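These are the structures in question, set out in turn.
What follows is a pair of complexes built around subunit A, which joins subunit B in one and subunit C in the other.
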Partner chain A sequence: MIYSARNLSIEIDSTALVHDVNFDIAAGKILALAGASGSGKTLTCLSPFGLNAGQASGSAILLGQDIIGLSEHILSPIRARDVGFIFQQPLTALTPHLNIAAHLTEASMQAGISPSHESLISMLERVGLSRPADKLRQYPHQLSGGERQRICIAMGIAHNPKLLVADEPTSALDAELRRDIMLLLRDICREENMAMLLVSHDLASIESSADDAILLQKGRIEEVSPTRLLVQKPKSEYGARLMAATPRMDEKLSPSPPVGDTLLNARDICVNFSRPFQFFRNKSEDNMVRAVRNVSLTIAQGETLAIVGGSGSGKSTLARAIAGLGPMSEGQIVWKDSVLPAKRSRENRALMQPVFQDPIASLDPKWRVRNIILEPQKYLLDDMSDILSAEELLMEVGLDSEFLDRLPAQLSGGQAQRVAIARALSVNPQLLILDEATSALDPLAAHSIAQTLQNLQEKRGLAIMMVTHDLALARRIAHQIGVMKDGQLVDYQSKESLFANPQHEATQALIHNSH
Partner chain B sequence: MMRISIILVAIMAALAVFLPFLLPWDYAQIDWDGVNLDMTSTEAWQRGHYLGSDDIGRDRLARILAGTRITMSVALAAASVAMIIGIAWGVIAGWVGGRTEDIMMRIVDALYALPFMFIVIVLMVVFGRSILLVFIGIGAVEWLTMARVVRGEVKAIKSRPFILAAKASGASSISIILRHILPNIMGVAIAYLMLTVPQVVMVESFLSFLGLGVQEPMTSLGILVNEGAAQMEINPAALLLPGGVLILLIISLTIAGERLRDRINAGAIKNPNAGAS
Partner chain C sequence: MLRLILRRLWMAIPTLFAIIIISFLLMRFAPGGPFDGERPLSPETKAALESSYGLDKPIWEQIMLYVGRIVQGDFGPSLIYRDFTVNELIAQGLPISLLIGGLALVLASVIGISGGLIAASKAGKAIDEILMLLATLLTALPTFVTGPLLVLIFAFTLGWFPVSGMDEGISWLVLPVIALSLPIAGAIMKLVRAGLAVQLSQDHLRSAKARGLSPVNRLFRHALRPALVPAASYLGPAAAGLLTGAVVIETIFGLPGLGRYFVQGALNRDYPLVLGVVTLYAGLIIAFNLLADIIYGWLDPRMRDS
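On to the complex of A and B.
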């Protein structure tokens, strides 16, 4: 065994957050720590190495030596020699003013090796980067997110550690990159005979890479299984709930409920942004970023349209243009029979309401829930006769009235998103525009929000336009799916025909890379 | 630290306002029979000059208290003027953005580049010495930093989704500013106000020290320090007492302001979601 934990418990400020965790990792194996946010998985993986505020007790045996309770000056060389770390944010993990060669040299120096140019190049080749000689001279900002994460991996394994600790290595990346990075990590572990402790909240993504998985809930082990078994046939009740909540590509397509008349018809929407000021303007090229190009779509009453795409594909920009919250350069948005003006009137705004990705940040931190929910009513409605009260709205999104006087800081992510949905519903809109509304939440909260939305749709005949990077989620709840790439809607059909017959290679790639 | 310094400022303010009522001498009143009394002499205590009297027979304690009162009120008034101008300027620049913001912030940069003390001095010389002019002059200088801080905050808050949600709720720009932006920048603005006050105290004292502050027989800590400096060789207490009060005031206000700012910054960074994940 490379690394073992026995009765590992962790506390912060004498609050116990992880209780009696046991596991073993052998060389060449990958152990995944899975669980929702707040389950203690990052603490479990980093605290024994003294890398965060957690106080560990019990024992954590690395290569036969118990590292718990070692003082920093003994622990630090062990950490540097035998363990490699990969963190979540590839953007911030690299130092902006150092080039890649300097990063890799620094990482190798930990183990006392001063690498030659050739060995630096072979390090980059090992993590699958093309043109390694050029990459060595480049700076972090010149690389894409996926390339940066590959550099971080190269740094993590530069000194040939025995154990690699990866804390959510793919959650800041696009779906397409996630799969590649996970496979790369798996291959490296097998080839180098390295043990790996992988932390992930995304159960579906660990299925293809980790050998075994530990499911944590509130700092306790719920289940230890081979990963494939955990994902497909969870033993514990919590594991079963979690897996049911995680949308998967291989689940049965449920038939979509019927839809009504067409509500919204968007025609040839274009959104252009002017590039930031450049000193030497290239006159021949136009100075526009064409974020959305000639997108047309329709949404009917009771229908869910999912817009799926990678980051930078223009899907959020499109949603904002339709909601009247962002710029729109060309095109028309027709609601039933009338064209909506660029500057939306109060009546126009009441027709459609947005819900955003970050639930806490979309609520004013100084306002109480009651006032947050009723804000749209105050500005948008004249006729206050048949409106719902704050209590009724909260009830509709599954919260009770004790939340009325809370501040946003006193809500969990899921609760805050419910409040944001209640706010959107307060003016009886006919269309909800959701911009990644569930992606900041853990699977259980995201699932119950999705269910709430489906119930609301059934009850009120709501139309929903949802923007998401998660094709499996779209597959589960949408009627129609549009795939965006580089600002264009490259594929747009009902979900049944999309999965039976993907038209565009971007769609095929998305389906291939989704779990 | 913060609590101690706020308590100290409060005690100084209370003494400056209320203690004069208990003293036998007014700050402008001349005791013809007790000129230049030393605070350690029995005669000074018998005549009620507990900290001695100055060279024309005015009670030192009463003058220090009056000076503290003037310095503090000028500082508070000038800092409030600075806060009002700075917040208005910063909010408009940050909210409107684009060319308006560029022009407004370049004006701030240009004003920063002017030698301010020089302009205040010229104002004093041209319009004569008056307490009103002192604080308008100081306030007009000190709003620049406030405008920059506020504009940065507004730009940060403006891009948060809750502002977008308020727009979708149909709120007008003015109600978004009044109901969403101002409440969220107030904490930072007040922290910088508290850091501005000691700076204003220093500017005011400096002007007074140069003889450009408030007019006799009114006094301020700067004037008292100036008078004390003239006779520090024969009577060090005349310099040390008002100087000590001035130093204590500035240090306490600075500590309180910095601690408050740190606390607000820490609160802004602290993410309620960032638990033990």
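On to the complex of A and C.
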């Protein structure tokens, strides 16, 4: 065994958060730690190595040596020599002012090797990066998210560690990249005979790479199974609930509920940004970033339209343009029979309300829930006769009046997102525009919010436009699906026909890479 | 990056012109004139003097003439120091002001950055609290308090340094430079401390820790450079602080720098002298802001491309 945990428990400030976890990882094997957010998986994986605030007890045996309780100056060289780490956020895990060569050199130096230029290049080739000689001179911000995560992997394995610890290595990436990166990690582990401890909240995405998986709930092991079995036939009740909440591409397509009259008709929407810092500004084509190109779509009462696409495809920019929150260069947005002006009136804004990705960040930290929810009413409505009270709004989104006086910091991610939805509903909008509204939440919370939205839709005839990178989620709850790539809406049909007959190669690739 | 610099230089031209014209008008609208002394001149003499300096022309014409001369690098004659042109006065005063200001900036950076580093690496400990209290005190105390206080202690009582004026050697520089640098040192210390606090909690520092780098190595190699960005953006305001501070310091220490000419010029309504110094100050502040942009680019490569 490369790495074993025996009765590993972890506490922060004397609060026990992980209880008696046991596992073993052999060379060349991948063990996944899975579970909802707050289940203690990251603590379990990083605390024994002294990389977060958790205090570990029990034992964690790395190559025959128990590393629990070692002081930092003894642990640090062990960590540097035998373990490689890959973190969740490739955007921030690299030091902004050091170029890639400096990063890789530093990573190799931890094993005492000063690498030659050739060996730096071969490290980059190893993780599938093209034009490695150019990349060495570049800085982290000049690379895409996927490229940066490949650099992080190259750094993680630069010193030939025995154990690779990867904390959510793919969850900040879009579907296509997730798959590639997971496969790369699997191949590296097998070829180098490295053991790997992998943390993931998304079991489905690691199904084909991790050998075994541990399902954690509230710091306790619920289930240990081969990953494929855990995904397909979970033994534990919790595992079954978790897997039922996770949208999957192979589940049965449920029929879409009927829709009403057309509410919104967007015609030929274009959004252009001029490139910043041009000495001589001109509006010619190559000085413009065409973020959204000639997109037309309609949304009817009671209908859910999902806009899916990779990162940078322009889907959020489109949603912002339609919501009147971002710029729109060309095109027309018609609500029922009237064209909405470029500068929206208060009445226009009350028609459609947005909900954003990060629920905590979209609530003012100093405000109480009651005031947060009622704020839009104050500014957008003249007629206050037909409105819901804060209590009623909370009930609508599945919370109760006990939450009225809480601050955002006292809410979980799911609760905060419900508050954000209640705020959006407070002006009786007819269209909700959701920008990745569930993707920061764990599967159970995301699933129950999706259900809440479906209930609201049924009850109020609410139209929903949702932007998401998760095709399986769109497949589960949308009527219509639009696929965006490079600013264009390349495929746009009902979900039944989209999956039966994907028109565009971008759609086919998206279906292929989703699970 | 080059493009950014060119752009800033290009933008500096209208800024400078606006400053010159506004200061010109402000000076003229201030009551009194260069020839209103204790003993009034006869109207004929005054009129003759004004016409010889072109002060009897319409104000717009004066501005045009003045700006036309500045473009050629000529700030005109001083109205009070009759034997000197403004260029000559600036040539006399500027080296002293630049020397004091430059040394004060270097000293402030050294004190500020090292204090900030120590405070951040001992965050929450007593030394951090003491340093931050000190930094607040330094920023709060104006130079006209610290200057005389330093003189009282180190010149009068201990006799280590001269009380005022310029001397042989460098001992006359010590007290004015220290007095001028203290408020800026305090501000830089706070900025560096705050910048490091942000950086030390970043993911890339945890990655560096995971790679087994020592705390000192992490601090200097991975945290310090991005942490200096807020301090670099303070460079523009710091330059302004140094220049205004120099006015006070040069008066306290009796040094013949630009600041003194500035104050004297303003009191005597020596229009060309004041405008010359203002233009120079404005140019210096613009230059420091440009320098700050260049330093940004060095500190954080993301700024080079944006």
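Basically, the second predicted complex is superposed on the first by the 507 of 515 C-alpha atoms of A that agree within 3 Å, B and C clash if a C-alpha of one lies under 4 Å from a C-alpha of the other, contacts with A are read in each partner's own complex, and residues count from 1 in each chain.
To be clear about the criterion, a contact is a pair of C-beta atoms (placed from the backbone, for glycine too) under 8 Å apart; a residue touches a chain by one contact, two chains touch by 3 or more.
It should be emphasised that the depicted structure is a prediction, and the values quoted were computed from it without experimental measurement.
K.L.:
For A:V490, select first, second, both or neither according to whether it touches subunit B, subunit C, the two together, or no partner.
P.N.:
Neither partner.
K.L.:
Figure out whether A:Q89 sits in contact with subunit B (first) or subunit C (second), or with both, or with neither.
P.N.:
second
K.L.:
Based on the superposed arrangement, let me know which partner A:G40 touches: subunit B (first), subunit C (second), both, or neither?
P.N.:
In the superposition, A:G40 touches subunit B alone.
K.L.:
Is A:L229 contacted by the first partner subunit B, the second partner subunit C, both or neither?
P.N.:
So A:L229 meets neither subunit B nor subunit C here.
K.L.:
Touch test for A:H141: subunit B only (first), subunit C only (second), both, or neither?
P.N.:
second
K.L.:
After the superposition on A, what does A:A107 contact: first (subunit B), second (subunit C), both or neither?
P.N.:
After superposing on A, A:A107 lies in contact with subunit C but is clear of subunit B.
K.L.:
Report the partner of subunit A that touches more of its residues: subunit B or subunit C.
P.N.:
The partner with more contacted residues on subunit A is B.
K.L.:
In the superposed arrangement, which partner chain does A:M395 touch: subunit B (first), subunit C (second), both, or neither?
P.N.:
Touch partners of A:M395: none, neither subunit B nor subunit C.
K.L.:
Let me test your reading of the model: by the given contact rule, A:A27 touches which partner, first (subunit B), second (subunit C), both or neither?
P.N.:
So A:A27 meets neither subunit B nor subunit C here.
K.L.:
Which residues of subunit A touch subunit B in their complex?
P.N.:
For subunit A paired with subunit B, touching residues are 12, 17, 37-43, 54, 323-325, 346, 349-350, 353-354, 356-358, 360-366, 375-376, 378-380, 408-409, 413, 420, 423-424.
K.L.:
What does subunit B use to touch subunit A in their complex?
P.N.:
160-162, 164-172, 175, 180, 183-184, 271-273, 275-277
K.L.:
Name, in rising order, each residue of subunit C that touches subunit A in their complex.
P.N.:
3-4, 6-7, 202-204, 206-214, 221-222, 225-226, 299-302, 305-306
K.L.:
What does subunit A use to touch subunit C in their complex?
P.N.:
49, 51-52, 76-77, 79-81, 83, 85, 87, 89, 92-99, 106-107, 110, 139, 141-142, 152, 155, 276-277, 279
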